[in-house]
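Below, each structure is written out as structure tokens.
Look for chain A in each of the two complexes below; its partner is chain B in the first and chain C in the second.
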Partner chain A sequence: MVKVYLKYLKLHLKSVMQYKLSFILGFISQFFVFFASYFVIISLFEKFGSIKGFTVYEILFTFAVVNIGFSLNEVFARGVDNFDHFIKAGKYDQLLLKPVNIFLQVLGSDINFLKLSKLLQSIVILIIALVNLDIDWSVFKVLIILNMIAGAFCVFLGVFILNAAYCFYTVEGLEVRNVLSYGGREMAQYPVSVFKKEFATFFTYVIPFAFINYYPLLYFTGRESNILLVFSPLIIILFVIPCYYIFNISSRKYLSTGS
Partner chain B sequence: MSFIEVSSMSKTFKVTKRSSGVRSSVKSFFKRDYVYIDALKSISFEVARGEIVGYIGPNGAGKSTTIKILSGILRPDSGVCKINGMIPYEDRERYVSNIGVVFGQRSQLWWDIPAEDTFDLLKDIYKIPKDDFISRKNELVSLLNIEEIIKIPVRQLSLGQRMRCEIAASLLHNPSILFLDEPTIGLDAVSKKIVRDFIKKINKERDVTVILTTHDMSDIEALAKRIIMIGKGEVLYDGTLQKLKNKYDNIKHIKVITNTKVGSIRKKGIIDKRKIDGGYEFDVDSKIIDVSLFLNYLSNKVEVKDIDIENENIDEIIIKLYQEYEI
Partner chain C sequence: MKQYFTYFKISFISGLQYRVSALAGLSTQFFFGFVFIMIYLAFYETEYDSAPMKFNELVTYLWLGQAFFSLMYLYHKDKELISMIRDGNISYELCRPQNLYWKWYIKIFSSKLSMVLLRFFPVIIIAFLLPFPYNLSLPNNMFSFIFFVISMIIGAFLVTSLSTMVHIIAFFSLDEKGIMSMFMVIADLFAGGIVPVLFLPKFLQLIADYLPFRYIFDLPYRIYSGNITGMTAVSNVLIQLLWVFVSIGIGYYLNKRILSKVEVQGG
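So, the complex of A and B:
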């Protein structure tokens, strides 16, 4: 399995290298797009100082972590995100003809190295935030960052998988996914407590974003000392595993396209 | 038990009814009408190991649906489909490691990189041992004459070159069944011949069972002794190509070169008469009037310089058959 995936990576890299100049230009242009939202946050705080008690670097910290998780999806789970196009083009048939797990093949079908640019920028912002935050470092504090990144990756992956599963029923992608994924990302960049209660509830219990930013942030910044909060991002696993099974069950509904 | 066993297999598709016009498409957004299309209505056939079967029928007859079920992509609504002791859509991963599939209209090769790299990926996907992979690849590559071609990015290949690479890709894992869905579509005469000769060869030497769909009857003539014809989701004919020909090739096209003007001929068995360059062409039903009798009759009337007798070509036979079954 791992061997097959690595081979996919290798071939995608080779494909990208066929168009080096376009890759480099794309990589650079991604920089400008992303830093725009970074400056929005900066200028927002210059006006308000803090939002509901969170400082600019605390916000930047969750912003960076969530974007690391999201851009990891954009790089490695693009096949899941673009699954509707994949089905429409009839490419799904080809996957069924190969003796390898379908989901692995969907992941391998598209890897977008261009978005490594965003990943890189998010890491830069994370470092800026960490340098400026006054953190009482411990093993748990390091662990919590890793957990948050893993949780952020999984929560978006889950949303993408759900939307992909829906394609088996309609062939067409659902616009709702953008509310949950891209909209969700916008929400998740900030701690839930800055939003109205209804939003906060939805993004805690339905799509569990709060567990990857808000609760860990409370521990990370020393507002709470309950050690359980370190592991709160791992709750996401309870969300992503059912998503995977829903995808598998839905795939039995597949009807293929003509020709 | 046969190698491939299909019995009373059915498949119905639920299709959204779409009508034109803005108003009705807005309406369909809220309430959708569905139509049910019976793609396959209780299809049955058997295929023995090592056979080449031509699977033919007009567009929309259910050919692709059958191939998709046989190759494990779709599941039938009812009926049995058992191949090599396995049920394709239940046992997918185990089953597909033993089949090769080529869709003429779809590529499994990676577009931007040489075919060789796709082969390399397939080696890992099918878990082919390294030594087997190298020897098989070399064999296929030299048989299909693509040594140089597999080093060029696929997007730069011609259709014929690409198709040869596709076929090589589908056989790297040494499957015992090969499904070919319109493998010669859009190919030139030379590429067609290479592909056909190759299919014949692997069938003979490796005992690969081949199921082939095509609209090109010369494919069938070159490859398949047996054809299964399907129309409107039902099997209409299952037997040898020769038998079908015998049944329908009673129509002879006879070209007669003559200077004499031929008036209207009223004789039973002469279906049509056309003026051609330097003479006439007659369509004669040899069941009603013997060719020799016809020629006798004609030479009494006109001075015959040269004659040319042609059998009905296979495309026309198929058209007739389709007409007969109203498909």
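So, the complex of A and C:
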């Protein structure tokens, strides 16, 4: 399985290398587009000192973690995000014919190296935030960052899979799907405690953003010392696995569009 | 003149075809609207005194922004025009006895107008009915409302002429990604699309005063809520009008220059 995926990766890399200038221009333009999203945080904190007790570098830290996870999805799981193309164009039939796991084929169908630009910027912001935060470093603190990034990656992967699953019913991926993916990213950049109660509850128990941007943050910044919080992002697994099953069950509903 | 009007009708009607997608877009707009308001609210609840504008003015600004998003959107890319530039079909356009500048201008304007007509009304109505403090307020007074309408119309012409200019530059540079998106992010920043202009750091606000971008929607939305009133509103609307003439003039001139040494992409 890994071998097949690596082959896909190589093919996509080769095709990108055919248009080097276009890639570089795209990379630069991604850089500017992403700039807008943390410019909001910087200019708001220029006016206000803190948001519900969180400082600018704490928010930049969650921003970076969430965006590292999100942009990893944009690079590697773009096929899942654009899944409606398979259904609309009838290409899903092709996937069914090949003796490789369907999900792997979807993942391999598109790898968007341009979004590495966002990933890179997010890592830079993470480093800036870490340098400016006053952290009592320990092994757990390093581990928690990795857990948070893995959690952020998984939670958005789950959302993208759900979006793909409902394309089996609607054929077209309506704009509604952006609510949980792009809208979700927008709000996951702030700890859920910033939002109103009903909202926060939904994004704790239904879409578990709280386990990547709130509970681990409490431990990381020293507000809580319960060691269990280090592993709180692992709860995301309880979210991703059902998403995958929903996708598989929905795929049985597939009727070819025949075009 | 008549041919341009027909052209307007064609693009306008074809834009109206996308009713379902407009409706589906509503949920996204409300979600984003709520998320932004709640983030601002959290800041306001923490330190109300540091805020540069009143909270209800800000909420009104954000909802108007969501309602008229497709009209005032700076990132507008006309797919048909871009693909014409790329595959060389633009040469057919050049053969026609029409002025390319006005044709593009009308095409962009009518597609923006049809998009916004499908979207703005439900957003406005629902936003009015929301509970305090999330609701859109009524206009400050009659004067504010009249000036808001005038300034919105001028703003729509302004954003169209800037958009047309960007498309002409894309035609010239054959690159609609790198330079164009860089320009658009900077324009959006000074327009108040990322955060309202009053929330920008001071030195950026100073620069924004000398650029056309903040007159696109920042001005009308602030007139509506009464953040800008009286003589300031009048003089700002006059400056806004001036920018429309200047940007059309520059776009028209660029268009003429470029057409005289155009290189069509083969294919």
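Basically, the second predicted complex is superposed on the first by the 257 of 259 C-alpha atoms of A that agree within 3 Å, B and C clash if a C-alpha of one lies under 4 Å from a C-alpha of the other, contacts with A are read in each partner's own complex, and residues count from 1 in each chain.
The rule we apply is simple: a residue touches a chain if its C-beta (ideal position, glycine included) is under 8 Å from a C-beta of that chain, and two chains touch if they have at least 3 such contacts.
From a predicted model like this one, the values you see are computed outputs, not experimental measurements.
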Partner touching more residues of chain A, chain B vs chain C, is chain C
Quiz prompt | Partner chain(s) touched by A:3 [first = chain B, second = chain C, both, neither] | solution = first
Task: Based on the superposed arrangement, let me know which partner A:90 touches: chain B (first), chain C (second), both, or neither?
output: first
Of the partners chain B and chain C, which touch A:40 in the superposed model: first, second, both, neither?
second
* Partner chain in contact with A:138 - chain B first, chain C second, else both or neither -> neither
If you stack the two complexes on chain A, which partner ends up touching A:201: first (chain B), second (chain C), both, or neither?
-> neither
| task | Once the structures are superposed on A, label A:49 by its partner contacts, choosing first (chain B), second (chain C), both or neither. | result | second
Note: overlapping chain A surface for chain B and chain C spans none
Chain C partner, complex, touching residues on chain A are 22, 24-26, 28-29, 32-33, 35-36, 39-40, 43-44, 46-53, 174-176, 178-179, 183, 186-187, 190, 194-196, 199
As the complex stands, chain A meets chain B at residues 3-4, 7-8, 11, 14-15, 18-19, 90-91, 93-94, 96-101, 252, 254-256, 258-259
The chain C residues in contact with chain A across the complex are 20-21, 24-25, 27-28, 31-32, 34-35, 38-40, 42-43, 45-47, 50-52, 175, 177-178, 180-182, 185-186, 188-189, 194-195, 199-201
Chain B contacts chain A in the complex at 13, 64, 68, 71-75, 92-94, 96-97, 99, 101, 103, 105-106, 108, 110-113, 117-118, 120-121, 124-126, 153
